[in-house]
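My questions all concern the structure below.
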Amino acid sequence: MRELPPSHPFDDDKLKEECGVFGVIGVKDAANFVALGLHALQHRGQEAGGIVAHDPVQGFNSARRFGYVRDNFTEASLMETLPGPLSIGHVRYSTAGSKGQTAIRDVQPFFGEFAMGGAAIAHNGNLTNANALRRELIERGSIFQSSSDSECIIHLMARSLQRSIAERMKDALRRVEGAFSIVAMTRTKLIGVRDPLGVRPLVLGRIGEGYALASETCALDIIGAEFMREIEPGEMVVIQDGEIESFRPFEPKKPRFCVFEHVYFSRPDSILQGRSVYETRRQIGVELARETPVEADLVCPVPDSGTPAAIGFSQESGIPYAMGIIRNQYMGRTFIEPTEQIRNMGVRLKLNVNRALIKGKRVVLVDDSVVRGTTSRKIKDMILDAGAKEVHFRIASPPTAWPCFYGVDTPDREKLLAAKMTEDEMCEYLGVDSLRFISLDGLYRAAGEAKGRDAANPAYCDACFSGEYPVAPSDMIEKGFALKAAE
Amino acid sequence: MRELPPSHPFDDDKLKEECGVFGVIGVKDAANFVALGLHALQHRGQEAGGIVAHDPVQGFNSARRFGYVRDNFTEASLMETLPGPLSIGHVRYSTAGSKGQTAIRDVQPFFGEFAMGGAAIAHNGNLTNANALRRELIERGSIFQSSSDSECIIHLMARSLQRSIAERMKDALRRVEGAFSIVAMTRTKLIGVRDPLGVRPLVLGRIGEGYALASETCALDIIGAEFMREIEPGEMVVIQDGEIESFRPFEPKKPRFCVFEHVYFSRPDSILQGRSVYETRRQIGVELARETPVEADLVCPVPDSGTPAAIGFSQESGIPYAMGIIRNQYMGRTFIEPTEQIRNMGVRLKLNVNRALIKGKRVVLVDDSVVRGTTSRKIKDMILDAGAKEVHFRIASPPTAWPCFYGVDTPDREKLLAAKMTEDEMCEYLGVDSLRFISLDGLYRAAGEAKGRDAANPAYCDACFSGEYPVAPSDMIEKGFALKAAE
Amino acid sequence: MRELPPSHPFDDDKLKEECGVFGVIGVKDAANFVALGLHALQHRGQEAGGIVAHDPVQGFNSARRFGYVRDNFTEASLMETLPGPLSIGHVRYSTAGSKGQTAIRDVQPFFGEFAMGGAAIAHNGNLTNANALRRELIERGSIFQSSSDSECIIHLMARSLQRSIAERMKDALRRVEGAFSIVAMTRTKLIGVRDPLGVRPLVLGRIGEGYALASETCALDIIGAEFMREIEPGEMVVIQDGEIESFRPFEPKKPRFCVFEHVYFSRPDSILQGRSVYETRRQIGVELARETPVEADLVCPVPDSGTPAAIGFSQESGIPYAMGIIRNQYMGRTFIEPTEQIRNMGVRLKLNVNRALIKGKRVVLVDDSVVRGTTSRKIKDMILDAGAKEVHFRIASPPTAWPCFYGVDTPDREKLLAAKMTEDEMCEYLGVDSLRFISLDGLYRAAGEAKGRDAANPAYCDACFSGEYPVAPSDMIEKGFALKAAE
Amino acid sequence: MRELPPSHPFDDDKLKEECGVFGVIGVKDAANFVALGLHALQHRGQEAGGIVAHDPVQGFNSARRFGYVRDNFTEASLMETLPGPLSIGHVRYSTAGSKGQTAIRDVQPFFGEFAMGGAAIAHNGNLTNANALRRELIERGSIFQSSSDSECIIHLMARSLQRSIAERMKDALRRVEGAFSIVAMTRTKLIGVRDPLGVRPLVLGRIGEGYALASETCALDIIGAEFMREIEPGEMVVIQDGEIESFRPFEPKKPRFCVFEHVYFSRPDSILQGRSVYETRRQIGVELARETPVEADLVCPVPDSGTPAAIGFSQESGIPYAMGIIRNQYMGRTFIEPTEQIRNMGVRLKLNVNRALIKGKRVVLVDDSVVRGTTSRKIKDMILDAGAKEVHFRIASPPTAWPCFYGVDTPDREKLLAAKMTEDEMCEYLGVDSLRFISLDGLYRAAGEAKGRDAANPAYCDACFSGEYPVAPSDMIEKGFALKAAE
């Protein structure tokens, strides 16, 4: 299978969002809209995508493919096999399920035929008690077809004694723990649900007489839908015949939206919690410049995710903004290495330093995060090779010291640089003149919490920084994961 | 054949550079270096690529493929068929030759078997007397295999009475007119030549014991080669056994390097004429801000090519720089349009407006050029839809009013907006609050000519702006092209 | 998806065997043997194939592909993903399940993860109560992933209360009705089962220290295995650690092997019930010559399946055997028809008449069966066009008047020529000089029953000829299928 | 590139015909007819195929592909690119040109643009002075694009001083030596030529108002064309506007048609020299039975090419004909060999012995030829493994002791078993009970020469048996090939 070019030049050294979901009802050729919506959400999952559509005459149809939406869901011959006014879709990067080698069976939406008809679901997030549920379901005679945690939901629905699919879904979701933003469909209904904490985003839009659900607003923009509102944490909406019904199937909890969606996962042109993601990131740069000032000649982003924060840093500090590192827009990671070794070839395939610009300069490099640190070292090498006088790293998030269990692909804790080193040790390890992270408070301020983080009652899920998990990761604890010791 | 995603979101409305060339001698597995070099030059030609390599035992081998280098020249099984220490390659966008539907036979390098051995050539540029030469050669019994102008060179070489391939190449190139930067190879020599005006770039680098020739310095960077110098206009270098010989086969002329290489074609991390391309572009923005000031809230680039000029404009004007338009990094141009028409769907696939940022703002949009104007209109629509209060276009090049015949794909003159309208008419046509282009003098200043353009003796080829063609386009004149009337 | 060339030139007008199964235990790289075995069984199912293998370290792995074994399971890279000493496989033509457009999910072997470990099964045959079982299982919360009848077995196993997989399989198979020859595997066992009537074949062979199970002996030959014996009707064998255990889980019944396996489905080099299939077919020709003599100049087979009977007919009748129709060995069914219509183009792509041979001759054409009769008409046309004086059809099976529900793809009863016409009417419809079928008694004699068919107690399943179904097709009856009226 | 399944199970041990040619004029969508014609000629060249078509509006178009016609020239999208009423095509197996690894440039038809318009040619045969011609042409400045001998013709045409293409073709063909049956086209003419000896076949047919030229009559049959006559040795026909003109451009010679076309190359349903090929082959079996009688129980063909001769042998000898070896109709040569070695796996993939039939029998195996003898040994092994009592080989051609230089792929002389051994030595080497070849006289009788071979003036080219080459193979002699010593 052909190797897929990564969305970010250093995917190996990034946290990766896991999934994007999209659904639409009440339009002709709904699957074509879904293809567009998924294309706009491709950054949330580049490994595979799937679409299910329902047509009153032709019933349910589906297509699942590895690779990009633009390569797979643009053939007329395929899209014609997905007729009907109701459709949902999913893009995925493997989180739960077989890492690396996803089987096509793991590609969502999942479909179940129930006694009262079929239903398909697409899930963004991760269930923290999926292993336990799976074990129980297998013992009772369920046959799992995928290695995905999400499949539990459809089996729980199959075994529910409720008479309607929406009720069965409520039943099922009351059994699961963790993060879920779900778009589902029956023959006549489009359904959206968000877990009580609202960890992952989910938004509602209007298009003509119909409605759309999407992980992010940028997917509403591409189909020309008007953004109406976010689905609220703990809310389930059921859309049928132009009517939207809202339910609250779960016990209410204080919301804990993922702060990393602001930092890196969401697209800069999306609107989260009423704010431009781009603007939040620029503001992070502003906060960072205030918290960690430095004397330098240039502020350069590590492309592309560091760009908004670098702009903010430059604006606040007055140090000129410049494109010191140029990204190769054609990317590629699989060239044959010539026998005469090329130093840091992997990085060179994706980035090149603007040598004439950098030479002799004191450079502030703004990046979104440090995960393993491997890439940061290589970038520093390139910048120094090009003759920079000083290199100062400024990071638009706090040190990432804990894995995420809510739908983000994070390395094991022992691979996280910040789990093993202090900020100074990291600075020395990376070999830069200075390395500074934004504080958790600074991040919260940039994300709209003027007073910073309320330790007793934080507004966000920030477990990857703080180690405070709002839902106990029970499957992982069973496997031996050690929570942060109480202080 | 699968549709190739464009390098620039609005390829249909851009001038397109035609080719990139690369060659290397004196390294193991030279073809692997060539693949990397071509990858770095992909922006100069995305339609197809080819590599020829020579090995003392296995002789000449070649591979030609449609599509991107990263998709075609990364398989070990293919690259192993291209052994040897000497190799050249070419990436192309069709200029001469069959437009749109390039045959694989048109993909360079071209190869000829001569009595004294074989030679391969890769050509960047365009010959202005190719039609006449082709006619003459066919009458004398030559059989053309491609529709490419460049094939004339190999036939002229075949018919030369000189005894060495290098001498035959000189013979042949003295017969051709127009622009050429050529990388060629025999069994033992790597050859580089640039036409007397030096219209297209060509640079020389050192790698270990070997040498490399490339269209741009960014291709030296990717293989870790050290940039030595440019091949000079009118120079031919012959590299063999670690020795570089330099010849001057042509009558000397005043150089006329293509100024559009500075504006758009070359990569921002390349060095042209001793200057960072990025820095020249930023300086264009500075000049533009001086020449055409405006009151506004934000300066936004049209991504990605307008970015450096927008940074310069912001720095000179003091208006904050912002990413008002976000480019979809996955691109794609072939989705099935849903039955419910999506307005400007083509643009939406590639760009999205940062709505929350733009709303209510006076926006300066900086773009590199206006060709047909079709895209500029759509972008203006998107910006206004998002609620911008005012839209001011600032263009980093003078009005493009004349086609290029030296290796750039330009629309027919009647399709060029600037050939039909004054600046004010264009502004009205585009429906923006203001539209201003940089002056030719301003462009020359930004490109290092402190005194601006010397009308009697311009430092650059600027025919696309001025209509002054440094080499008469004889084939085109024969077909009825009307030169600018003498004033 | 590319169209697959058919195995027989007139697939559209043939009954089609549905599946072939193969399994091996106790050899290195078992999956490679399975690939070979499936290749030898390709005539039993050309649409898709699948292989599951188990390795103590790497667990279960599987690959499912559309198309031929030789195109799909010959890549080293794929086969290396299927390590281990135990493997089973399946080739299929869709019978139950979605006709025409098989989903990859319908491709066997099916796999189920049970509490005590995983199991995979490959099924040849068809279950006659699958619809009812499926309905019941869905009501109880099972989720079906395919549209295949065979999937019921794995769900029944999942819900069994037995503690071992073999016991669960017995439980499950006692619930199903119809025809099944199954090869299954757990982590350590290879299992073979045949339904009590033994409708479909299944044989056992020895290879080195290991054992193999296969639909036909020709698949033992290709891997160099020694044929030991047939699995008996109603027998289950469980092979582990070099030991074969035999069980009789079902109530004993009088065997009713499918007589059409002798006529057409099985390969002529296989051994069924101790007899060469080729020899049985030749003997059918002998019987046919005795029962329906004719004066003629040549006996020609309709290639390739009519060949052995034609040889027998020639030998018994003394009329010379000749290849009057030549099959194009490259086949193909999808050429673009030129605007000037070519008469019977579909047939011409596959067959051509040996015109110089046929001209002016009285020709006996021997074919294996008449299903819809469409092809027979075209062949007759070709033969007459070539100048034959007379055309006499002799058919190596009785009139096919009833559909098969035990694993053969038959048209609906109203499409079967013999369901609507007498032999004389068929002769007139086909426009031939004579048309005669072998009698049921003659067929039984050729198949080894010296006394012909014992009407009270027939030795074979011959429902497609006689309308006497040894297992009531209950799903079909529920859908309205009318059994033959009692006489 | 995917490996192509061979046409004959033992291609590696067969002489291989090199090419098939086809052309048609005066019909709508001529290229569709050409695709069908080439499909019928696929046995003459399975490696690659090409089609050129001309349309008054769209000019010349071509497509060249590796692989089978049925896989490459059946897409509507491709065939629509080949419009017009005039088209020629070619299928090839590499003879001259790069063996094994044909480049797409070597795939015919070849095309040349001349001053008076373009022409395309497709060549069956081989030129014996191509090396010398090529050398001369290169010295004069021609550039060869392929390694094919046939390209010389187009260069000679390009350099001819004649004013019409037909005249230039005469000029060119008077310079070449060897075997050629050529189909060519200009914008308005379809041209057919056969060399003075008429070594390779070429026939003319009528279809509606148009005409077709083909290597064999079976290609006329598939398009429903009526066979008119053979093009005569030394004849050139030029067809235009429904008129056929005939020319005799060469000095007349006594024809020497290739006798191996009768033995093996041509399809059994073709008509050569007024006789059914099948019937000639059957007659060879009759002669063989007379010349080399044997006591045995069964006569079995080595499928498929030995079949007609085996039928004849059986009929003459009275020994029953039987299918003792069954060919796997799905073939394939690239399975992964399991670690436990399977004896003669290569053969098993293609053939299987009908064990129950063969056991204890004395078997006559009839094959068409013995080339290297490697396959014959393996078949003998299989037959003996299956328990045959005796194995007698009867070969339908004399010993093949000399290579062919007229368009057949033969191993070097030292690889030919008959070049190194007497008949008795071969028998011992193969390990069979007897081995006998038909005599040259017997072969001539079967091919219609009642008196056998006239040594002074043989009716056929039989150089591969006799070593008497009717045209001196001058290129090969220059390379050191030793002709048979005069006796």
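In this document, chain identifiers A, B, C and D correspond to the written order of the chains, with residue numbering beginning at 1 in each.
Here is the rule we use: contacts are C-beta pairs under 8 Å (C-beta built on N, C-alpha and C of every residue); 3 or more make two chains touch, one makes a residue touch a chain.
Chains and their UniProt names: A, B, C, D = Amidophosphoribosyltransferase.
None of these values were measured; they are calculated from a predicted model.
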With centres defined as the mean of C-alpha atoms, identify the chain lying farthest from chain D. A
Please work out the Cα centroid separation of chain A and chain B, and write it as a whole number of Å. 37
Cα-centroid distance, chain B relative to chain C, in whole angstrom: 62
Taking each chain's centre as the mean of its CA atoms, chain A sits from chain C at a distance in Å of 50
Mind pulling the chain C residues that touch 2 or more other chains? none
Once the touch criterion is applied, which pairs of chains come out as touching? A-B, A-C, B-D, C-D
Write out the stretch or stretches of chain A touching chain C in their complex. 104-105, 112-115, 138-139, 141-145, 154-155, 158-159
Which residues of chain D touch chain C once you look at their complex with the stated criterion? 2, 5, 7, 27-30, 32-33, 35-36, 39-40, 42-43, 46, 68-71, 73-74, 76, 79, 207-208, 218, 221-224, 267-269, 271, 275-276, 278-279, 282, 304, 307-308, 311, 315, 320-323, 326, 328-332, 334-340, 342-343, 345, 348-349, 352-357
